[in-house]
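There are two complexes below, and they share chain A, which is joined by chain B in the first and by chain C in the second.
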Partner chain A sequence: MNLPFRLAFEQRTETPRRLAVMVPLLSVLAAIVAGGIFLFATGYSPFETYSNMLSDGFFSSTGITDTLGLSTVLICTGIAAAFAFQMNLYNIGGEGQLYLGMIGGAWAGLFFGDRLPGFVMIPVVLLVGAACGALWIALPAFVRARLGTSEIVTTLLLTYIGASLVNHFIYRAGSYFRAPNTLFPQGRQVPDSAMLSPLGDTTMYPTFFLVTVLAVFLWWVVRRTEFGYRIQVISDSPRAARYAGISAQRTTVQVMMISGALSGLGGATLIVGTFGRLDPGIVLLGYGYAGIVIAALARNNMAAIIVSGILFAGLRTGGDKLQISTDTPIHIGVMLQGAILLFALGGEAFRRYRVKVVRMQTATAQGAAQ
Partner chain B sequence: MSNTSSEVAKGPHHSGGAAPSALSARNITKRFPGVLANDNVDFDVRPGEVHTLLGENGAGKSTLAAMLCGLYQPDSGTIARNGAPVVLSSPRAGLSHGIAMVHQHFRLVERFTVAENVVLGSRDLSYTLKRAELNDRVAEVAERYGLPVDPSATVGDLSVGQRQRVEIVKALYQGAEILLLDEPTAVLVPAEVEKLFENVHAMTATGKSIVFISHKLGEVVEISDRVTVLRNGRVTGHVSGRGSADTRELARLMVGRDIDLAVQRASHATGHEVLQIRDLSLTVNGIDVLSNISFNVHEGEMVGIAGVAGNGQKELADTIAGLVSPTSGSVSIGGSMSTDRGPIAARELGLAYVPEDRLGMGLVPSMSILDNLLLTRDRDTVVDRASVKPEANRLIDQFEIKANGPEHLARKLSGGNAQKVLLARELSGGRTATKLLVVCSPTRGLDVGAIETVRRLLDDARSAGQAILLISEDLDEIMSLADRILVLYRGAIVHETTGESAQLTTVGAAMAGLTQEVQQ
Partner chain C sequence: MNSNIWVLMSADSVALATTLILAALGALFTERSGVLNLGIEGILLTSAITSFIAADSSGSIWLGLVVGSLLGAVLAGIHAVLAVTLRANQIVSGLALVIFGTGLANFLGKPYEGKNIETKILPLSFGPLTDIPVVGPVLFGQDPVTYFTIALAVGASWYLFRTRPGLELRATGDDPATVDAQGLKVSSIRIRYTLAGGAMVGLGGSWLMLAESAAWHQAATTNGIGWIALALVVFASWRPIRLIAGAILFGFTLQLPFTLQAENITFIPQAFLQMVPYAVTLISLIALSRPGSSNALGAPRALGTPFVRDER
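Entry: the complex of A and B
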């Protein structure tokens, strides 16, 4: 192959500030263009589809509240993933920790339902959910810290076990979590005291504000506290951490447990709002996996996850409604989600390298001289 | 090539001699983002000549060499081989013109044999390797230039000097007429340097050209037929004639001002023992890394540990700093036992430690100067950076660190400035006032100006009564700074002498493990 030019990648000494913002934005744009080509090729009008998605996801009154409602759990799984990723701990099992959070939250709601007043119930459900999420990552966290076992593999495999556990609790006859006397097996509703009321006539719950505050708080923790300082030292240079007497093992366990707790909290928000019961449908929704993409798009910045989480929620609500209003397949939203991740990861190359077009005339001249 | 007349001339050199240049570069300019690495540089090398490129780190010598061998392309200017213009679009194109570079960091496959490494990348290999034949061919090339290597030896088993020889044989095997040696002596012990210089002479005797890249003045004077000095990407001077260059003059051309690297030793009596090491042994994976080491360092004294890299220096420093627990034996600092108590306890007893690896161990590259100052100190739950800022600014001034302020990232500092930040933090004390300073290769890779500053800082710390353990592979440095010298070889102290009475040959022999000579 003899092209008249070739592309050369030159490493940047530093990333210009504008690129840090431009690359994620352009990644989203590139994904939308790629999705548009796909839509066009399969016989749908890209413009019509996108404008429908945009208005259904963001610019209609029910659209925006549905989006913010859905973003609650996505911001949770997003900060969960990012909190581990920033220390190069790849907790891929946020999905499984989310299931456990939901199981724990549902159990707490059912168990304490008639014994505790509402203002205690809600925190109890959320905390038990978070604790179960943390517990689900405890084993991967310890073996990673002690033996260096890849957390990618262990957390991912535990997700499958978590999914089986959800099914077990729903489909087993006489299960504590199962609603009695229903034709199709489904989860037993938690008492009203364990549920929040939505904001007015919407699908949005006050937990949205809780998780946004939590995201901003974690942003502060990472930047301003000793704990955040330790995370930064370990993630950048483990040997510097050892030199300074900072225990990487302890911090690894702490960070992974917090990550698991955040995913678990996400599961519990689905109990106090939205579902109100353990729902086997959760294993099809992929909220935990979406957190990985949301974290990547926000480059693990806790505060930026609020934005990328809402963006993703909008794509999903817009995509879901598309199916109802038109005959566009629901999967266009999921496809865009995947495309955004691909472009966001690919965009990293532009942050680190400068792409140069090198003309080949000189080389051919030299070839002729030989 | 019997040009013995010495000329020191500023500005570009124009060769008016009779011998044509084997390789010449004219008006070479190369720009990197934010840096003018080479500015209108002229350079040429004749057959059978050693022409040295001298300059500090960042002066542009490696960039020029990279363009001469085809690794980079100049933005403007021309390169000519035997008078004919050539375009070197890749190292392979350079090689096809008989130009090869021996890099400072070797590019050898450790699991392969010498012969396999030498022929690696040759395009005339058959699908099945005929080992015996290859070995013969490689041995033949090696012998022709007096470079003794065993073609069937595994590279992983060879010493650094031997590996360098393999790199040179590889270049010659590939048909190199012009060899660019990038800081070839940086990794060698004195005896190996001598051997290398013999090889260089053997090669020039057969008409090969050598471009020697270095910042070590003594060896430059010894080996070079001509010297071109670079500073900030420009040629600042040119000296011809073997042995005619004057180190003081070269240093001035290189740095732009007069430099003083004179011998400095403790001018006052030393106090009581600050560091006591007793029968220290360390076994890692069944290998004795340190065996039965005992010595003391006193207040106001600098003890130098000499040795070739990998003889236990790093482990010794890490053990004293509390990063590693010894298998047996003890370390005490300021009269208190610090063995097995970890790095923070050692620091609380007054230890400061400047590790060999500055960025990545001593400093966190992605963090600011200010955050790096906090690394070895007590930090509150909520880090109060504002209160440390005045001190950071003060240290930046006091240690003459070139930075935009306390927020300047460590990885964006030059080697010399990174070392100054590290010394600033360690000398200024953190948890307690510094009593004992352990420094490893404090000036490695620094330019002459920074070396001068770092040595002065160490001398000041000694004068202030701190006990200093200087661990360095740079024998010159130890010889000119240390009050006492211990030689570490295979984890044991094989030789001890005072700084005044130390003999380069004796210490060098001990470093190479020739203990019989040492014990006399």
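Entry: the complex of A and C
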């Protein structure tokens, strides 16, 4: 590879504020343009597709509430991913922890449903869901802290095991979670006391506000508390942390368990809202994986995740309705998510470095002159 | 009848191991150069559907294999530019590739759902050798790609540990500063092996499609094989020969649920059988871990860290 030029990277000491805002925006734009070219090349109309996605995702009355409704679970999985990512712990099994949260939430709803009143039931369902999510990451967290086993692969493998568990609970005859006497296997609905009512005539539930407040609270925890400071020190310099007497092992377990609990909470919000039962279709929706993209785009900033979560929910809502409004496959939505993240990562380089194109000839000429 | 199924199962384990070996070998070469590509699952899936489309529209399965491999290299190229040239976070970049690849594959595969390929890659027959009981079907009843894969893994071992470029590759993953001081271009070496690795993964995905499944089932086509392949590289301590043994073991566990179902062994619920390969992978990963550093296992020391030379 002998190119006539090469790229030189100069580390920026300070990132201009203008760039910190422009880079993510331009990444999204670039991904949309690239997606448009791809759509055009495969024989679909980019303008029609995008205008449909925009209006169905954001600018119609049901569109925006559908988007905010969907963003509830996505913000949850987003903060779950970011909470671990900020300490360089790559919990990418949020998807599996979400399944477990849904299983736990459904169990709590079915088990306590007729014995407890609604105002106790809702917190119980959410907490049991969060606890199950934490439980699902306990083994990866423990072996990561103690033995250094890569959490990336272990959490991911547990997602596949979690998916089989969901299937087991729905498709096994006589399962506790399965609705009796239905032709097609489906989950048993939790009692009304374990469910919230949507806001008016929408698909939005009060859990949206809970999750938003939680994101802001975690932003405060990260920025302003001793615990957040500890996380910062460990991720910046593990050695400095050791000298300061901070136990990286314990913090690793704590951070990963919180991350798992947040994903589990996301699963439980689907029980008190949207689904109201354990639904095997959850394994196809990829809400947990989307959280990774949302966290990365917000650069693990808990408050910014609210924005990127809503943006992605809009992409999904608009994308999912595409098949109805046009004949474009809905998968363009997922593709765009990936493309946005790829462009955002590329853009990151321009934020961190001053990129210059250096001619090779002048460089060799200089070398010869010396 | 019974023993026949178990023989077929062993033969199938070797067959399934083909995709695992190719995907893991691709990851191994990439990681040996110091680049961590977590996008294997996305590459497998996209190359599977493109090989299907190429084979379906041209009528040639061999063209399908070529197109699938090339696409693997192209996708890995995205990762190479981000991770090596632009020094992006390799973990996030790999994950982005999985998400992008899954969306792309499902988008492209939409018109092909439920469609079957007309000619599959067929196993070779060595006449009387293939008819030997037990050993015959396992050793002499595989298809050409499987034999090529085994040869590739053996060749890879020789290349890595017995040749000059192999030494340079290992050095780039372990100690890029020294390689740079020798006057070699670290980034060029890393990009080359990331591309080559991607092509191997792409071949694995194409083979899975054209020989194993022969029909497109969206993300269920690969069903996590890419992630198992990544664990397999750790399991094999980044050594190609151990990788063959590990792949056959994992291939066996992937095959187990189907065989037990065919045998009508139903006392273990199907869902739990489906967990077996992932659980086995998980347990072996943990069992191989040691407190302290992962270097004891033989991981390239500079794995996942971008090389930054002091620039003037």
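Throughout what follows, the second predicted complex is superposed on the first by the 351 of 370 C-alpha atoms of A that agree within 3 Å, B and C clash if a C-alpha of one lies under 4 Å from a C-alpha of the other, contacts with A are read in each partner's own complex, and residues count from 1 in each chain.
Everything that follows uses one rule, which is that a contact is a pair of C-beta atoms (placed from the backbone, for glycine too) under 8 Å apart; a residue touches a chain by one contact, two chains touch by 3 or more.
Quantities reported herein were computed from a predicted structural model and do not represent experimental measurements.
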{"item": "Which superposed partner A:Ala8 touches (first chain B, second chain C, both, neither)", "value": "second"}
{"item": "Touching partner for A:Tyr229 - first (chain B), second (chain C), both, neither", "value": "first"}
{"item": "Chain B versus chain C as contact partner of A:Ala30, first or second or both or neither", "value": "neither"}
{"item": "Partner chain(s) touched by A:Leu54 [first = chain B, second = chain C, both, neither]", "value": "neither"}
{"item": "Chain B versus chain C as contact partner of A:Leu342, first or second or both or neither", "value": "second"}
{"item": "Partner chain(s) touched by A:Ala240 [first = chain B, second = chain C, both, neither]", "value": "first"}
{"item": "Dominant toucher of chain A (residue count), chain B or chain C", "value": "C"}
{"item": "Residues of chain C touching chain A in the complex", "value": "38, 42, 78, 81-82, 85-89, 91-93, 95-104, 106-108, 110, 185, 188, 191, 223-224, 227-228, 230-231, 234, 269, 271-272, 274-275, 278-279, 281-282, 285-286, 289-294, 308, 311"}
{"item": "Residues of chain B touching chain A in the complex", "value": "33-34, 73, 86-87, 89, 93, 96, 321-323, 342-344, 347, 353, 355, 357, 360-367, 371, 374-376, 379-383, 412"}
{"item": "Chain A residues touching chain B - in the complex, by the definition given at the top", "value": "12-14, 224-229, 232-233, 236-237, 239-240, 242-245, 354, 362-363, 365-366, 369-370"}
{"item": "Interface residues, chain A side, partner chain C - complex", "value": "1, 7-10, 42, 90, 92, 139, 143, 146-150, 152-154, 156-158, 160-161, 164-165, 167-168, 171-172, 289, 292-293, 296, 329, 331-339, 341-342, 345-346, 348-349, 352-353"}
